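In structure tokens below, several structures.
In what comes next, subunit A is part of two complexes: it sits with subunit B in the first one and with subunit C in the second one.
Let's look at the complex of A and B:
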């Protein structure tokens, strides 16, 4: 009797563990399996890419990758992508974080409307905006510069930066700041000494978001840059019509830098989700 | 505060390093052709090697047109030479293109006339040509209907052939480029309609057209249903999803170049009114905003040189438009496609069509109409007569609005081509 009674919860706990493990495995597979196939096909010869069933062990044929190594302009395009994404990151936080702070700390007329309007910048499709933007950029000399493109990407990223930082600031009680004021801080020093350290991980996360938005954007990049193309504009348009093995290799090349970047800053991402620096 | 300073520093450094490198005296070749990475690479390394400093940039149609329009509107730009299909140019205002008389010439009077875009001067120079052909895996050959000559197939024989394969293997192995980026509309405009109705526009809703669409349904019944995802049939030929395929020569080239011994190329089938087929013409042009007109014209002239044309053939599988002796050591895809096209145009029942001309900006809508007709009749199973009658009015509107006269194989017209 007593053994049965203790077995029951033990079994449920065991079953719960299985479900938990299965869920974890499923989620990991969800992300890893496509990436793994991308890797295998990148390292396969064209014949192997077109054959079925697929082998699970790559044959380390570097033909597809070495094609891209000799592809003129790849490295410049990679450098441009990083510069544009970096600028986008910096500018969207520089503009978005103060806006988020203002939205969470101050009451002003039209605040709700303002929050709505911010989202509206995403309501217009880029192919529609690209023509007038390109005309203006050509006239002002911003055309074909990383800075000009970063401006466009910043407008795409700012709504998210504002909304993410708004919720971050709202999560920090104003009492903390008030306490700092009573202890001799000015508004600015209270912000930099008390609030900023608390939300820095969150800010980093929204910066990563801006980075990814810029990294993935093709249309504006293809229209607004020519000599200084970003990697996505440079490669993505040409990949959809390329043979399968080059599609895989090109996709791999596009994914890897973004993966490395996210891996490098992963602890800040986890921090936003409440798992402290692990 | 130091944070702010360092941000400023990084920004400034990035801006400076980004704007450095620019401002070279290259001619920018802004193209919608030779887009696949391998072709782009060959264009840069082989075709344009002797043309001076040329920056070859292939693009999707959207960014290509948007950038071009932006430069035209701004009144200054960096694009030196445009490379695109006849349809892309005919959608433009001829005034935005520099007259190119005397710079170069193709050997075909028909092409040269098309390149005037309805004006008195050459608006673009025909650059290269291609067509659509059939290809089959050698595995499919044993199933050919009795007495059928692969170089003189009819649509009925094609359907029977694909049916034999379906019966024997249990799988439909005809591949049709009905995917989102597939060129299916060209099959209807240049192959199915001319072969069954001896027209494209006039005969759009004729009784013969009803027969044509009935045949299309029969063909679809033995077509790999995944064809709605196929856009480049070379992939399906290589992986075995398709044993017989119809597509653009350059979209079949990969299969022939990779496994030349496994595939055969042959002419498109014939219907009651002949063996309809259609050329593809790409041209080079110069926008009025080109920064260095002389350098641009030099690049255009370079593209039409016989040796450049041969290099282009190797790079893109598009054939020369000037008279030039083809050497014997061409890639397998070029040899296969070349002989199939020659057989097609040389066949006794050949019924060559022309590219839609004079539609201007409505060219996309025109093609869309044929695609929708296919989707409703063949994929949606709607009544053929009803769909054709409904689309007939839209087609007439397109013709009236653009004022386009009939083109071959339709009989010539005074004024806009009538839909009968």
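Let's look at the complex of A and C:
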């Protein structure tokens, strides 16, 4: 930059700097402004949401949110969403993390094949799995249960859990573990006393990621649940009939965990994808 | 435990899980698509493809992907190069830009509905500026172009972040020495971008594109929230067959068609962006 930049007259460089800053601000606004509009609608009374023209400042009325909370079935749907996402989180870490550890610590015949299986899942439109599983679940009695849906959501989340924990474990030198072995630890105690404390924040991040994948999923949830709908399924099935303020309050409730999630895992987001990439 | 067996014990749960809930369902879905109760048949495909809505929803899905994905790629590349030069405030800007990554497609559709609905913010803005006297219905069958635009904008808003994250991670892996050498030889920023960044970014580009294109063919909730029945797409038709018409065979047939398109595009992207054998980064 330095040679080219010093040749340029000062004015051009300054102008370029302003264009650059303006572009960054503009792109930030592009993300935030639509979210702000949703916030206005959520914090307005139902009458204000349906009136015209709209105010660009929220009136801080909880009418829409309390309408949402009192709408028949909505709180149950919210509870179902949390249960399914919680189950997905537990299952995908419980079965994904050991595989991530195996990939980072061992060379074994069939490792490439296993990696292929994991990567293959990302080249398929996974929500479509819900169709055949709907039939399978009816036969096994898992239809319309939180656990059945959590199984499908785990299929979505587990490849990420494997790849993320793989990259996390790879970041911890094996020498640390070996030192623990020479000091009298078994493989298991070395893992629980040395590796686990170091890896815990990262595991938490990938658990949150699994939670959000399930929380956000629409198609499989809508196909697989009838009575026990999750929030996304409930909102989707009522799109035609529900009033605007209900949609916006529901959308807002869907968005809140996302904001927290991105904030909580921001440190890991790039490390995660950097290695999971190849 | 024997270290030769241990890795297999560790990967066993995931492998079993994926066989049961990933590979096996694909066998099932093909079975469902190719049968109507008795033996092998192509009837499901014939039924689905001869329905008047099929060509429209196929066309809509493909057009939407063609309009959205290239734009997102360019936008994500621009954003990624912008942050790579940033010194102050990089973390904050990246946090803001990656927010949509965690937002559900249904929520994204609802967010853009707040802007485009009849008493929404776009109409309010236009009436505030004096362009219109009374709110217009922007999302109706009379304004297909606007419906398309609203859906495309919502998709661009929502799903550019996933490409951005992959590309930022990829740019971070390119050694700084290449750029320093290029500067010494007087390469312009544009030249550095096309001669260093783009070619060395190929693995990340192909990952980002594959993920994004597959998501584009799966587009569903955004469309439901904004266009409803005005803008039929393949995934929406699958849902309709399964849920409203209770026709599992036809739903499975469309699912297989979506799957085939996805695989075809994945192979195409992988081939177009492959790193030549022997070349390393």
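In the analysis below, the second predicted complex is superposed on the first by the 185 of 278 C-alpha atoms of A that agree within 3 Å, B and C clash if a C-alpha of one lies under 4 Å from a C-alpha of the other, contacts with A are read in each partner's own complex, and residues count from 1 in each chain.
As a working rule, contacts are C-beta pairs under 8 Å (C-beta built on N, C-alpha and C of every residue); 3 or more make two chains touch, one makes a residue touch a chain.
Quantities reported herein were computed from a predicted structural model and do not represent experimental measurements.
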First (subunit B), second (subunit C), both or neither touched by A:83: first
Which of subunit B and subunit C A:239 touches, first, second, both or neither: both
Which superposed partner A:258 touches (first subunit B, second subunit C, both, neither): second
Which superposed partner A:51 touches (first subunit B, second subunit C, both, neither): both
Contacts of A:131 with subunit B and subunit C, given as first, second, both or neither: both
Which of subunit B and subunit C A:144 touches, first, second, both or neither: first
Partner chain(s) touched by A:69 [first = subunit B, second = subunit C, both, neither]: neither
Which of subunit B and subunit C A:99 touches, first, second, both or neither: second
Subunit C versus subunit B, contacts on subunit A by residue: C
Subunit B versus subunit C as contact partner of A:21, first or second or both or neither: neither
Doubly contacted residues of subunit A, that is, touched by subunit B and again by subunit C: 50-52, 94, 127, 131, 134-135, 219, 222-223, 235, 239-240, 244, 250
Footprint of subunit C on subunit A - complex, ascending: 1-4, 20, 23-24, 27-28, 30-32, 34-35, 37-38, 41, 49-54, 56, 94-96, 98-99, 101-103, 105-106, 108, 110-111, 114, 117-118, 121-129, 131-136, 151-152, 154-155, 158, 162, 187, 212, 215-219, 222-223, 232, 235-236, 239-240, 244, 247-248, 250-251, 254-255, 257-259, 261-263, 266, 269-271, 273-274, 277-278
Touching residues on subunit A, where the partner in the complex is subunit B: 46-47, 50-52, 67-68, 70-72, 76, 80, 83-84, 86-87, 90-91, 94, 127, 130-131, 134-135, 138-139, 143-147, 219, 222-223, 226-229, 233, 235, 237-244, 246, 250
Complex interface listing, subunit C residues touching subunit A: 1, 3-4, 6-8, 10-11, 13-15, 17-18, 21-22, 25-26, 28-29, 31-32, 79, 82, 86, 91, 93-107, 110-115, 117-121, 123-124, 127-128, 135, 157, 165-166, 168-170, 172-173, 183, 186, 188-189, 203-204, 207, 210-211, 214, 217-218, 220-221, 224-225, 228, 235, 238-239, 242-243, 248, 251-252, 255, 258-259, 262-263, 266
Residues on subunit B engaged by subunit A in the complex (per definition of touch): 7, 10-11, 14-15, 17-19, 21-22, 24, 28, 35-38, 40-41, 44-45, 55, 57-60, 62-63, 66-67, 69-71, 73-74, 76-78, 181, 232, 234-235, 238-240, 254, 258
